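Note that chain A is present in both complexes that follow, paired respectively with chain B and with chain C.
And now, the complex of A and B:
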C-alpha cells in the first residue's frame, strides 16, 4: 500500500471528496469539505514527493496546505459571514444528487479512456491518478454548470484548479518552485476576486441565484 | 542600449503606478492626482513600448530576467498595439470618467478603482506578450481577467455585476483549460529535454518540438485553443464577450476588444507554432478553421440583429477574431500575414469605434440604436468619426481592414479554399449591411428634439482622431518598417516549415507564387 499504489488510492479519495463538495447542501459545509479535499491533495503531493524523491513536491504540499486547506476555505467562510442575510447562499443545485453522481461517473470513465492513450514515461505508474486529476477538472466544470448559487460556483473553480495542480505534480514533479508559486498565487487572487464579486452581488443585487442573472442574454 | 532594462521598466511602470494609486485615499485625493499618475504611467508605456518595438523591428531579439521575458518580432507587433491603444484609450478615459462622475455614476472610490485596475490591466497585457515562460504566459492571461473584472463591474449596477460575474467565471474556467494544455506541453518537453528547467521556456521548447509526443501535443493544442480561445472570444466560448464589452466603460471596452483579444490570440498562435512543428500544420489549421468559421458565421448575424450599439460592436469583435482564426487556419505565408495585419487593423479600428460609442453615450445617454439619431447634426466631429469607423469596420477602402481582408481572400484562393472564402464573404456581406444600416439609422436622420448641437470635449476627440489617422495610414500604405516586421513575424509563425526562412520576403514571394499559378493555368488552358 505504499509507493505508487498509495498515490493512486489517494487519487480515488480526491474524487470522493470532490463529489462531497459538489453535493454539499450549504455553503459552509462545502467550504469545510473543500478543506478536507485539499488535505487529500496535500497527501497526494507528499506521497508523490516520497515516491519520486522530488523535494519540490514536499514544498508544494506545504504551500498547498497553507493556501488550499487553510486560506481558501477561510476566505470563503469569511465571505459567507459578510453576506449574512443579504442574499440566500444555500440554493439547491439544478441537478438532483443522483443525476450529479451519474454525470461524474461518466466523466471519470471518459477520462480513464482518454488517459489510457497517453504514452508518457513520467505518467506510466500514475495513470489512474492522472485520469482522476483530469476528471477532477471536469467535476469542477460540472459544479459551475449545475450550481444555482454563484457562491457554490466558486468551489467549481477551486476543484478545477486542484485538478490542474495534481496534473502538474504528476507530469512535472521537478518543475521549478516559481511555477507552482505562480499557479497557486493566481488561484488565491482568483478566489479573493470571486468572493468579493459574490459579496457585491449580494449587497447590490440582493441575489446569488444564477437564474436571476440572465438579463444580458442575447 | 540595454533593452532588457527598458523591458523591465516597461513592465514595472504600470505596476508602480497601480500601487501608488492604490495607496492613496480615495476620498481625500483629488481626481487630478489619479489622472496625473495614470497619464504619466501611460506615457512611459507608450515611449518605452514603441522604443522596444522599433529596436525589435531593427533586428534585435530581447531577453530579460534569465529568459523569463522575451520580445521577438511576433510579440513586438502585439506590444506595438498595446503601446498605441493603451495610451489612446487611457487619455480618452479622462473626459469619459469625468463625465460619469458628473452624472453621478462613479464615486471617488470607483474612480480610484478604475485607474488602479486600468494600470494593472495594461501591465498584465504587456506580461502576456513578453512572457517566454509558458506557465507565466498562462498566469498573465489569467491576470488579464482578474485585473479587468472590477473594470467591467465598476458601475456596481446589477447588470454590470452580472456581466462581471459571467466574465470572470467563463474566462477563469476557460483559461483553466489553457493551463491544462500548458502543463501537457511542459511535461512533454521536460521528458525529452536534458535540463527539465528549460522546458518552461517557449524558445527552448520550440527547437525540440518535433521530438514531443504527437498525441499529447495535439491534446495540448486543443486545450490551449479552447482555453485561450475563450479569452479571445472565439465561438462557442464567446458568451462573456458581448456582456462584458457592453457593460464596461467604453475606454475599457476599447482596450478589451482592441488589444486583449489579440493578446489571447498571440498565445494561441504560440501553441499553433509548437503543434505545427510537431504534427504538421494540418491539424492546428483545421482546429483554427473550425473555430474561425463558426465564430464568423454566428457573430455576423448577431452583429445584424443587435440594437445595442456596444453589443453590436462586441459581436463584431467576435466576428473579426473569427476572421483572424480563419486566416491562421488557411495558413501559408499569405494567410499568416493576413491574420497578423488583421490583428493590427482590427485592434485600431475597434478601439476607435468603442471610443466613438462612448462619445455617443455621453451625448445621448443610451446605447439603444433606435434612440440614437442624427449624430452628424448634433455632434459633427463624432458623427464623421462614427461614419468613418463604421466604413472602416465594414472593410471599405481606404481603411486598414480592407487590406487585411483582401489579403485573406487572396490567401484563401492561393490555398484553393474557395468554399471557405465564399462562406466568409457571405458573412462579411451581412456585416456590411449591419454597419451601413447603423450609419443610415444613427449618423443620419433627425436628431432628438431639444438636443443641443455640441460635441464631446476635445480631449475625447484627439485620441480618436489619432486612431482614425492610423487606420487610414495603414489602409493607404503600410509603412515599410512595419510591413517588414509583419513579414518577420510571419516567418516566425512559419518557422516550422524549412522553405520559409526568416530572411525571406514572404509576402512578395507568396504573391508571385499565386500569380505564377494563374499564368500556368492560363497556359495549360
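And now, the complex of A and C:
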C-alpha cells in the first residue's frame, strides 16, 4: 500500500477533487475544494519524496502548501468578497455538469493512452499518475471552456498549473528548488493578476458572464 | 448447508420486507412531524388485501394475471442467490451478475407488458416511465458490475464479495468509485424520491398497480418492498461484505446474518432519510441524474483501465 501504489491512489484522488472543483456550484465552494485538491497535491509531492528519497520534493511540498493550499484560495475568496454584490459570480456552466463527468473520464483515458508511449525509467511505476497529471491540463481547459463565469475560469488555470506541477515532480524529482519556483510558484502572480482583472471587470461591466463580456472588444 | 442458507435468505427477505417498508414509512412520518402508522402496518395491509376477492379489468389477459407472481418470484430468486450471509453464493448458478441483471430486467419487462395489457391509458404511461428508468439506470449498473467482474476476476457475486471482503479486489480506487456509482444507481433503482414513490399506486410510475386488486395487489406491494430490499442487499453484498461469514460453519453464518441485518438496515435508513430530504423532480430531469451516475461509472472503468 505504501510506495508507488500510494502515489497512484493519491493521483486518483487528484482527479476526483479536480472534478469536484469543476462541478462546484458556487465560487466559494470551488475555492475551498481547490484548497482540498492542493492538499492532495502536497500529499502526492511528499509521498513521492519519501519514495524517491529526494529531499527537494519535501521542500516543494512545503512551498506548495504555503502557496496553493493557503494563499491562492485566500486570494480567490478575498476577490469574491471584494466583488460582493457588484456582479453575479455563480453563473451556471454551459455544459450540463453531469455530462462533464463523462468528459473528464474520457480525457483521463485518452491521456493514459498517450502516456503509455513514454518510456522513461522514472515514469514506469507511476504511469497512472503521469496520465492523471497530463489529464489535469485538459480538465483545466474543460473548466475554462464550459464555465460561463470568468471567476470560475481562473480555477481552470489553477488546475492546469497543478497538473504541470505533478508532471514536473514525477519526471524530475531531483530538480532544484529554483526550477520549482520558475515552474510552479510563479503561478501565484498569475492568479493575483487574474483576480484583479476579474474584480475590475465586475466593477466596470457589472457582469462576470464571458458571453456578455464579448461586447467589450473594439 | 448452502441450500438451507439460500432458502433461509429468501424467506427472511420476504418476511422482513414489509417491516423495512414500515420503518421507512415511520421515518417519513417523523420527518414530516406526523405520528405515522405502526411499523407493522404493512403486514396488516397485506393480510387484508390477501383476503379480498380479485377484480380484473375487462379484456386483460394472461400477462396481467402472470405478472404479480413473476414480479415477486424474480426478486425472491435473486435473494436466494446473493452472497448475503456468507462471502460466497449459496446457489452459485443464481449468483452470476448476468443472471441477476436479467432477473431484474424480467419483472420490469412484465410490468411494462401488463401495463399495456390492461388497456388503460393511465397504466400504460406508468409502464413507459418504468421502462425509461430501466433504460437510464441499467447502463450504469452494467458498467459497475463489469468493473467489479474484472477487479475480482469473476462474474460470480460470491467471488466479488470474497475479493472485496479480503481487500483483494484491485485496483482499489476503481472499486471504491464503482461502489459510489453503484450506491447511486441502487438508490434510483429502489424507486424513491426524487424520482418515484414506489409504494404509492397513485403515482404515475407505478400506474399499473391501479389495475390490480386483492391477492395480486398484495403480491405486487410485497414485490415492490422485496425489490427495494434486494437492491439494497446487492449493494451490501458486493461492496460491504465485511462481517459476512468466510466459511460455512453455522456460528459464522449466524454472525454473518446479524451483520447483514445491521448493514442493510443502515442502508435503508440512510436511503429513507435522503428520500425525505429532497424534493420531487420533474420526470424530464431524471436523465440528468442518471447521466451523472453513468459518468461516475465510466470514471471507475477508466480507473480500472489505467490501474489505480
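By definition in this document, the second predicted complex is superposed on the first by the 214 of 218 C-alpha atoms of A that agree within 3 Å, B and C clash if a C-alpha of one lies under 4 Å from a C-alpha of the other, contacts with A are read in each partner's own complex, and residues count from 1 in each chain.
Everything that follows uses one rule, which is that contacts are C-beta pairs under 8 Å (C-beta built on N, C-alpha and C of every residue); 3 or more make two chains touch, one makes a residue touch a chain.
For clarity, every value in this text was computed on a predicted model and none was experimentally measured.
Enquirer: Do chain B and chain C fit side by side on chain A in the superposed arrangement, or is it a clash?
Expert: Taken together on chain A, chain C would fit alongside chain B, as the superposition shows.
Enquirer: After the superposition on chain A, what is the angle at the C-alpha centre of chain A formed with the C-alpha centres of chain B and chain C, rounded to the nearest 10 degrees?
Expert: With chain A as the vertex, the angle is 140 degrees.
Enquirer: What is the contact status of A:112 with respect to chain B (first) and chain C (second): first, second, both, or neither?
Expert: second
Enquirer: Between chain B and chain C, whom does A:46 touch in the aligned arrangement: first, second, both, or neither?
Expert: A:46: touches no partner chain.
Enquirer: May I ask you to name which of chain B and chain C touches more residues of chain A?
Expert: Counting contacted residues of chain A, the larger count belongs to B.
Enquirer: Would you check which partner chain A:11 touches, where first means chain B only, second means chain C only, and both and neither mean what they say?
Expert: second
Enquirer: After superposition on the shared chain, which partner residues are touched by A:175: those of chain B (first), chain C (second), both, or neither?
Expert: It touches chain B, and chain C stays clear.
Enquirer: So, A:98: does it touch chain B (first), chain C (second), both, or neither?
Expert: In the superposition, A:98 contacts chain C only.
Enquirer: Just to be sure I read the superposition right, which of the two partners does A:128 touch: chain B = first, chain C = second, or both, or neither?
Expert: So A:128 only meets chain C here.
Enquirer: Determine the nearest approach in Å between the Cα atoms of chain B and those of chain C after overlaying the two structures.
Expert: Between chain B and chain C, the shortest C-alpha distance works out to 20 Å.
Enquirer: Going by the contact rule set out above, which residues of chain C touch chain A in the complex?
Expert: Interface residues on the chain C side: 172-173, 177, 288-289, 291-292, 294-296, 298-299, 301-303, 305-308.
Enquirer: Using the touch definition from the top, list the residues of chain A that touch chain C in their complex.
Expert: 8-9, 11-13, 15-16, 19, 96-102, 104-106, 108-109, 112, 127-129, 131-132
Enquirer: Quick one: in the complex, what on chain A touches chain B?
Expert: Counting only chain A, the residues touching chain B are 117-123, 134, 137, 140-141, 144, 150, 153, 156-157, 160-161, 164, 167-168, 171-172, 174-176, 179, 182-183, 186, 189-190, 193-194, 197, 200-201, 204-205, 213-216.
Enquirer: Which residues of chain B touch chain A in their complex?
Expert: For chain B paired with chain A, touching residues are 133, 135-136, 138-139, 142-143, 146, 149-150, 153, 156-159, 161-166, 168-169, 172-173, 176, 179-180, 183-184, 186-188, 190-191, 196-197, 199-200, 213, 215-216, 219, 242-243, 246-247.
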